[in-house]
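Handing you a structure now.
Order of writing sets the chain letters: A, B, C and D. Residues in each chain are counted from 1.
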Amino acid sequence: MEANTKTIKSLGVLCSGGDSPGMNSAVRSVVRTAIGLGIEVYGIYKGYSGLLEGNIHKLSLSSVGNIIQRGGTILDTSRCEEFHTPGIRQEAAHILSRKHIDGLVVIGGNGSFAGAMTLHQEHDIPIIGIPGTIDNDISGTEYTIGFNTAVQTAVNAVDNIRDTASAHARTFLVEVMGRRSSFIALQVGICTGAEHVVLSNQAIDYEKIVNDINKGTARGKTSSIIIVAEGEKSGLSYEIKDTLMTQYDLSVHACVLGHIQRGGRPTALDRLIASQMGYAAVQALHQGLRCHVTAFNKGEIEMVPLSECIRGKTESTEAQLELIRALAI
Amino acid sequence: MEANTKTIKSLGVLCSGGDSPGMNSAVRSVVRTAIGLGIEVYGIYKGYSGLLEGNIHKLSLSSVGNIIQRGGTILDTSRCEEFHTPGIRQEAAHILSRKHIDGLVVIGGNGSFAGAMTLHQEHDIPIIGIPGTIDNDISGTEYTIGFNTAVQTAVNAVDNIRDTASAHARTFLVEVMGRRSSFIALQVGICTGAEHVVLSNQAIDYEKIVNDINKGTARGKTSSIIIVAEGEKSGLSYEIKDTLMTQYDLSVHACVLGHIQRGGRPTALDRLIASQMGYAAVQALHQGLRCHVTAFNKGEIEMVPLSECIRGKTESTEAQLELIRALAI
Amino acid sequence: MEANTKTIKSLGVLCSGGDSPGMNSAVRSVVRTAIGLGIEVYGIYKGYSGLLEGNIHKLSLSSVGNIIQRGGTILDTSRCEEFHTPGIRQEAAHILSRKHIDGLVVIGGNGSFAGAMTLHQEHDIPIIGIPGTIDNDISGTEYTIGFNTAVQTAVNAVDNIRDTASAHARTFLVEVMGRRSSFIALQVGICTGAEHVVLSNQAIDYEKIVNDINKGTARGKTSSIIIVAEGEKSGLSYEIKDTLMTQYDLSVHACVLGHIQRGGRPTALDRLIASQMGYAAVQALHQGLRCHVTAFNKGEIEMVPLSECIRGKTESTEAQLELIRALAI
Amino acid sequence: MEANTKTIKSLGVLCSGGDSPGMNSAVRSVVRTAIGLGIEVYGIYKGYSGLLEGNIHKLSLSSVGNIIQRGGTILDTSRCEEFHTPGIRQEAAHILSRKHIDGLVVIGGNGSFAGAMTLHQEHDIPIIGIPGTIDNDISGTEYTIGFNTAVQTAVNAVDNIRDTASAHARTFLVEVMGRRSSFIALQVGICTGAEHVVLSNQAIDYEKIVNDINKGTARGKTSSIIIVAEGEKSGLSYEIKDTLMTQYDLSVHACVLGHIQRGGRPTALDRLIASQMGYAAVQALHQGLRCHVTAFNKGEIEMVPLSECIRGKTESTEAQLELIRALAI
């Protein structure tokens, strides 16, 4: 198949997978940049599912007025398992064609990008991905929209817990989101002065946890905070609590922060990067890029092939762990 | 025993039971008001346990500098089961006598007040209670310090959850604190536009919950929030979730907000009332009251006998439930 | 003219004067309560000006979905000088009649209530007022929607300023809103541990200010905060700063908090009271009240004749000043 | 003079110039990292002035307990004009020598760094600078501690102002800090969807401002926000307001956000970078670096010679202005 080189006259924008704060800032930026370039924009509601249902509406400048600061996404989102089926993607391509939509901007995670990549390969639809997930776990980009807000929300929550932990001389396990990745847990650990961080991809070292807590107590600390990366399934911290209480006779409390980390107003940083990425995505389509992602690397937005951004990110955690250890003495 | 009518020259202040935001504002107010009246003030650390250990230190004006806005309590707190024993209270009275402490200000809940009342009755120690608990569950006073902050923290959390619930068209169970009382749950329910509130003292009406959710869905609501009062033991919302999923085939998510509700900066209202109560408590001791509580009723601080404030509060919830129902249509 | 006793089948709701946080919570409550009672509701946009322009649209349950937490007002607001003219009010009454609107809910301050009262007297239109202004300056009610949020916003701001004032050992004048009333200034003063509060209706006592600051410095305080009630016109604190610097050789900084106090998400308390007042307003119209206000007195909503709520409120400030003095020693 | 190669056994840490949120996180990190390496740490209070007064106290692990989240700086800070005098610096070197302090960590801006550089050159004292100023205006580093928090505080404030601006269909000038640099203004402009940003180093283009506002109004915008970089002296926005009103007949309101931007809890990002920089600073001294800065460039901490960080930073603002223009259409 030859490369699609025709000019983009009309584009669709959708959010897919888990929502993250800043998606609205990105949508606003996509819409306004496109209209400024004379490109029509269609909002595709509820992700790929909505695309298949034809839940598609034209957006104007005022459609995205006063949304830069709102959590969630005005386009709604969903996970769409059936998009893994070739026939379904064929149907999606037909719908886009019938609506005269020449290109797509997909805001989501690596799973959503993988679907976008296949759609591009099979049907030559120009697609630019904008990385949006609180987990910051997409390969090829150092940053994903929503991560900073989720970290900030968790940090605020742990600040609160530290108050009561200190007043009562207690130890708390605080479980943060991030699924299989530990990025949220590590930053939250550093930013809250946590005594220990339980990573998601490692065996739990109970001896080490108990040792870290006792070391702090020995030097006069009145409270301890242990940040737990949730891993595959929320609730791990309850298991750790039970083990610490029954096998190590350690009295601890557990808090699972949960979905408060997904919502809320995007931080300034997420609004900034989302605005930059939305602008870059449309400029890229306008200038002829056909299958890329607006990555954020070394402090700047850069366009990276979509194929590099469809896996989970594995990053060395050693430097951050070393920092946590050094500051928790 | 005759009433203790001697002038208070020196008083002790302690926090007891669960900490609540605003306790520091109250401590600051007690200390400054006392010093202004020429009364010496001693901080008793870690509640009744600290009293028994002689963990008592003189406080100055600057001891309480810049604490009005801090969560937790600089005096620390604890629950002290052994204070139920007469011999232990005898020991406490001796320690106060040896330290030449003429009166006590006890900041805490109804359990702490019951202990204070017995101490007063047995040893004629002048005591003023300041109601401090996020649960707002003390008889004799319409308000307890920390309640407004806990409600605000929970409301902020539910605002966040509403964002992601809307983006995904989901139903969330959000469990708030309050132990056996439902005051937090009801206010949070009203302030977040919840579709349903599960009270702590009533059988769970699953048919009603399912009906409320379905009614909302039928008229186009994309998300539902159900506030759950924790009741005796945290975690009730997980049980409700399981029942809704298995017996009613309803997909729901559960969030237990937990101890984030105990910490954090006190709201303006909690700082205000705590400041007023701390001032009123010392003035009361100074003016000869011997066994009272700084209650907040009908919009004002009033002195109420301690004996009226040692039980849990039961209040009609009907008006608030009616409001929630009216606004959730 | 005989009293209007016909049943209300359709009502209009408008916001008038300065906006305040919580107005949206009140609008939501009015709309849902009315629809629940079978009453049609019309949103009148931009206050009395919009009424005169016929800027009136029917509202549904979903018109007010997800607005309980939003600052500003979805109905917009305005000040309308020409409403003081009888002929203009005649025109307003005609428009309401043509739209078959049987009653009005007016959310605003005492100026707006005065206009509403005259409209009622001249044209027998049933009107319920909901007190909404951050200034809390309406006679007949102890509370007005938005006051708590404005105080909280100012308190948060002063907390920030205290940080930098302490780090640099500086004195700050912080000017808060409230026009001719000092309610915001007094509460903010108490809640931030201010060293002095300059009231709006009193001569500025420079000797006292200088004395309060020097007293603090003498006992080791490193920073001082002086809260200034804006009075008739914003900017008073700049004048005070100049006088302190030139006539008293005192180095001070001035901050005018300004309109940040008008916006922002309503606090839990403002959402609660706004929800209760919106409900009470519609119930009152439904039950036949014709010219009342949903006042908040002694901790409860009560219906007060509109005629009692059309003046500015003067309240003794002595108790609050005494508390500030006692705690600033 | 030969290079000072002796091992650092004891170091001093001070804050100098304007305080910024995150300084405490950096101090904590310096102290704990040093103690972990067996290096003694002395807190030098009130910057260079305190150094000259010998206001120097040994710090322990618990000296910096629970300060990671606090605004201001526990070390206090000052501007010290006399440090420009060689004899005064000689005296400073003597004091450090008498206290057996082998090296300095200086947290501050480029002025403070210039003083540090001279002290190093004249007296061979090993010095590492940590860039701390909300203005983000230090050459040689893309980031300075406190910038993100100041931007976030300003963004929150503008969000509030947008609420009331929308409700009243008003135009607001909002003046942000940053002295001669426009970094805060530009980021705040992007993050709040501002209609126009007035930079500090350019002539004010009134025609353009009026045109931007009118363009927005023409397409239905109900409110406009213009961000003003303060420039040399706070209050510029009042002048702009007067000119717009008198010469262009445009009704606008002005808000000077002021010192609220200096205080407050550091954001997660500022805590993170401050923690990393504190750690890197001590490691650098430990490893033999003698006159460097912990710069943040291309997403990472790197050590840059102090000589590169003593000027104000000039950066192209074109990309950010282009983004603001594109999104404000």
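FYI, a residue touches a chain if its C-beta (ideal position, glycine included) is under 8 Å from a C-beta of that chain, and two chains touch if they have at least 3 such contacts.
Here's who's who by UniProt: A, B, C, D = ATP-dependent 6-phosphofructokinase.
Remember, predicted model here, so these are calculated numbers, not experimental data.
*Asks:* Spell out the chains that contact chain B while also contacting chain C.
*Replies:* A chain counts here if it touches both chain B and chain C, and no chain qualifies.
*Asks:* Averaging each chain's C-alpha atoms to get its centre, pick out the one most distant from chain B.
*Replies:* Checked the centroid distances; the maximum from chain B is D.
*Asks:* In angstrom, rounded to a whole number, how far apart do the mean CA points of chain B and chain D lie?
*Replies:* Going by mean C-alpha positions, chain B sits 40 Å from chain D.
*Asks:* Roughly how many whole angstrom separate the Cα centroids of chain A and chain D?
*Replies:* Roughly 29 Å, centre to centre.
*Asks:* Hey, how far is the Cα centre of chain C from the one of chain D, in Å?
*Replies:* 36
*Asks:* Quick check: what residues of chain A touch more than one other chain, meaning two or more?
*Replies:* 159, 162, 166
*Asks:* Throw together a list of every chain pair that touches.
*Replies:* A-B, A-D, B-C, C-D
*Asks:* Mind listing the chain B positions that touch chain A in their complex?
*Replies:* Chain B residues touching chain A: 15, 19, 21, 23, 46, 70-73, 76-78, 153, 157, 159-169, 172, 222, 253, 255-264.
*Asks:* Residues of chain C touching chain B in their complex?
*Replies:* Chain C reaches chain B through residues 28-29, 32-33, 35-36, 61-62, 65-66, 68-69, 142, 148, 151-152, 155, 159, 162, 166, 187-188, 190-193, 219-221, 265, 267-269, 271-272, 275-276, 279, 297-299, 323, 326-327, 329.
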